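Letters A, B and C name the chains as they come in the text, with residue numbers starting at 1 for each one.
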Amino acid sequence: MKLSELEAVIEAILFTMGEAVELDRLAAAAGQDEDTCRRVIRNMMDKYAGEDRGIQVIELDGAFQMCTKPSMYESIVKIAHVPKKHVLTDVLLETLSIIAYKQPITKLEIEHIRGVKSDHPVNKLVEYNLVCEAGRLDAPGRPILFATTEEFLRSFGIESLEDLPVINPEKIEDFKLEAEEEVQLELDI
Amino acid sequence: MKLSELEAVIEAILFTMGEAVELDRLAAAAGQDEDTCRRVIRNMMDKYAGEDRGIQVIELDGAFQMCTKPSMYESIVKIAHVPKKHVLTDVLLETLSIIAYKQPITKLEIEHIRGVKSDHPVNKLVEYNLVCEAGRLDAPGRPILFATTEEFLRSFGIESLEDLPVINPEKIEDFKLEAEEEVQLELDI
Amino acid sequence: MSISVKLEAFDGPLDLLLHLIEKNKIDIFDIPIVEITRQYMEIISQMETKDMDIMSDFLLMAATLLRIKSKMLLPAEVNEEGEEEDPRAELVERLLEYKTYKYASYELKDLQVDAARLLYKEPTIPDEIADYHEEVDIAELLGDVTLAKLQNIFRSVMKKQIDKIDPIRSKFGRIEKEQISLPERMAYIEEYAREHHRFNFRRLLEEQADKMMVIVSFLGILELMKVGRLKIVQENIFDDIWVTYAEQPQTA
């Protein structure tokens, strides 16, 4: 293996591992003896020291680890603090409305109503603190129940769930009738 | 900020984050406009292409992510734990290719093309995060629209949807020719 | 020809049709519909699946094939431009579209193999940075969403859910496979025809008008017609179809 290839292999391994890797394991994976391997890594460390590099390789008690340079700390703080855009998409609103009216409700029931997997919208709503876990259903697998939060009530300016606008049961009956008529029409021979 | 410093900052951020970082967030953290930032990253990508490098930067629909080069795979698997990918069955692949090329698309349209109910494959693809909901179609019943995700691009090594393999009409034409060349059975009415 | 196939082995009726077309080395633009329909029917009549969802999709295609087959026997229809219409055209288009995506899925499969060789790194964000929890401004997030809007959304979701319930399909669970077996239905129709001698196709369906029964009955009648047990007369398009029992099997 050429020296440059060896450097590439070591770089790739240290990157993937993330943590400190002992020299003997590195050497075995690269198919080299430990001395050669150590020499190559020391050489790489010099290269990383250049000013156009944000990462470096450090030696820790005979093991090597890839990490960012200390001078990069400020920039990393910044990226973590760049505000993400939060949008309440139709998918989220729909899921929220189901949880609001059917709470406490399991994810499976939400998925049944929506007709599609709903992990993502439920997780997002929990992240936004509009929805929270509310115990577990006493059923096989003891699935998590979801309910709306106090933050939800506050945001909509209501004091309790009883203040949610009522869904008229007659309306639901009407939908049922309409739907049945439509299906009947399609089936007429 | 000097160009070399900017490169260092971007390298450090991409390394730390591990996942794909959108250009606007990178630019904000680096304190640069997006165009400058993009130019710097493209330049870095060329440098990473050198043979002494085991890592590279890939672009995914306007976001950038650091990863290893494909040629490093054999060496890395000797030492690192490589997460298992979901095995996609033919049914899943077929459904995924319809969604990829026709997105955004409703389940009904998918079912029309496949000629079979497709709840199961669509749900599986959503579960694997290869497909996500993309709003609802403005039509009676407001059916859910499905589209591919960033994970889809990553899993198939595609930069953006424009880079999907072209379904060559000539290839399809070939099917036709092949069929014509082959002996016809005496089956015609 | 003896075919023993599990229907589940095919991704759907189009997949099965493509399989037959490829196996017989047929030009997709000139499908010998009689033979293909025969092979298709043979396969689905031997199917072992009890899954009604799978079965109904395959039966629907059977009905389509039979419709094309019967249209091929009639004088060709002429479209607005005065050209003869090929009853197979729509099916060919669907098969080609399906085949296109099937082909694309092979390309994707190859891409996936290559892409799996790239490896990524877990985020290593320092704890004190990761612990920074950005406050989500809920008021801004909710924007102009009011309780009334939320209620509307919920209503439309529930309406959609009711729409989705197909009163026929939702009762499938109760239908035994035997109740819609084609040979049994054929025997019933033949018996019914012997008794009534001449009857209206519509009459036959009145008692058992669910979708599956309509399809199976229709298939049964076509099969009986093919073997010469029944004669079918329809004076004009959309008129009632009259079925007559043939005492002596005729040559079809």
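What we mean here is this: a contact is a pair of C-beta atoms (placed from the backbone, for glycine too) under 8 Å apart; a residue touches a chain by one contact, two chains touch by 3 or more.
The structure displayed is predicted, hence computed values, not measured ones.
Viewed as a network of touching protein chains, the structure reduces to a complete graph with every chain in contact with every other.
The most centrally placed chain, judged by C-alpha centroids, is B. Farthest chain from subunit B (centres taken as the mean of C-alpha atoms): C.
Distance between chain centres (mean CA atoms), subunit A to subunit C: 38 Å. Note on chain placement: the centre of subunit B and the centre of subunit C lie 31 Å apart, centres being C-alpha means.
Averaged C-alpha coordinates give centres for subunit A and subunit B that are 18 Å from one another.
Looking at subunit C, residues 119-122, 124-125, 163 sit in touch with two or more other chains.
With touch defined as above, residues shared between interfaces to two or more other chains in subunit A number as follows: 12, 15-16, 76, 84, 114-115.
The part of subunit B that touches subunit A in the complex is made up of residues 2-5, 7-13, 15-17, 21, 25-26, 28-30, 50-55, 66, 68-69, 71-72, 75-76, 78-80, 107, 119, 122-123, 126-127, 132-133, 135-136, 144. Against subunit B, the residues of subunit C that register as touching in their complex are 11-15, 21, 24-30, 32-36, 53-54, 57, 61, 72-73, 94, 96-109, 111-112, 114-125, 156, 160, 163. By the touch criterion given at the top, residues 15-19, 58, 65-70, 72-73, 76, 80, 82, 85, 88, 90-91, 93-94, 96-98, 100-101, 113-117, 141-142, 154-158, 165, 167, 171-172, 175-176, 179-180, 182-185, 187-189 of subunit B touch subunit C in their complex.
Contact residues of subunit C toward subunit A in the complex are 119-122, 124-126, 129-130, 132, 134, 136-143, 145-151, 153-155, 157-159, 161-168, 202, 205, 209, 211, 214.
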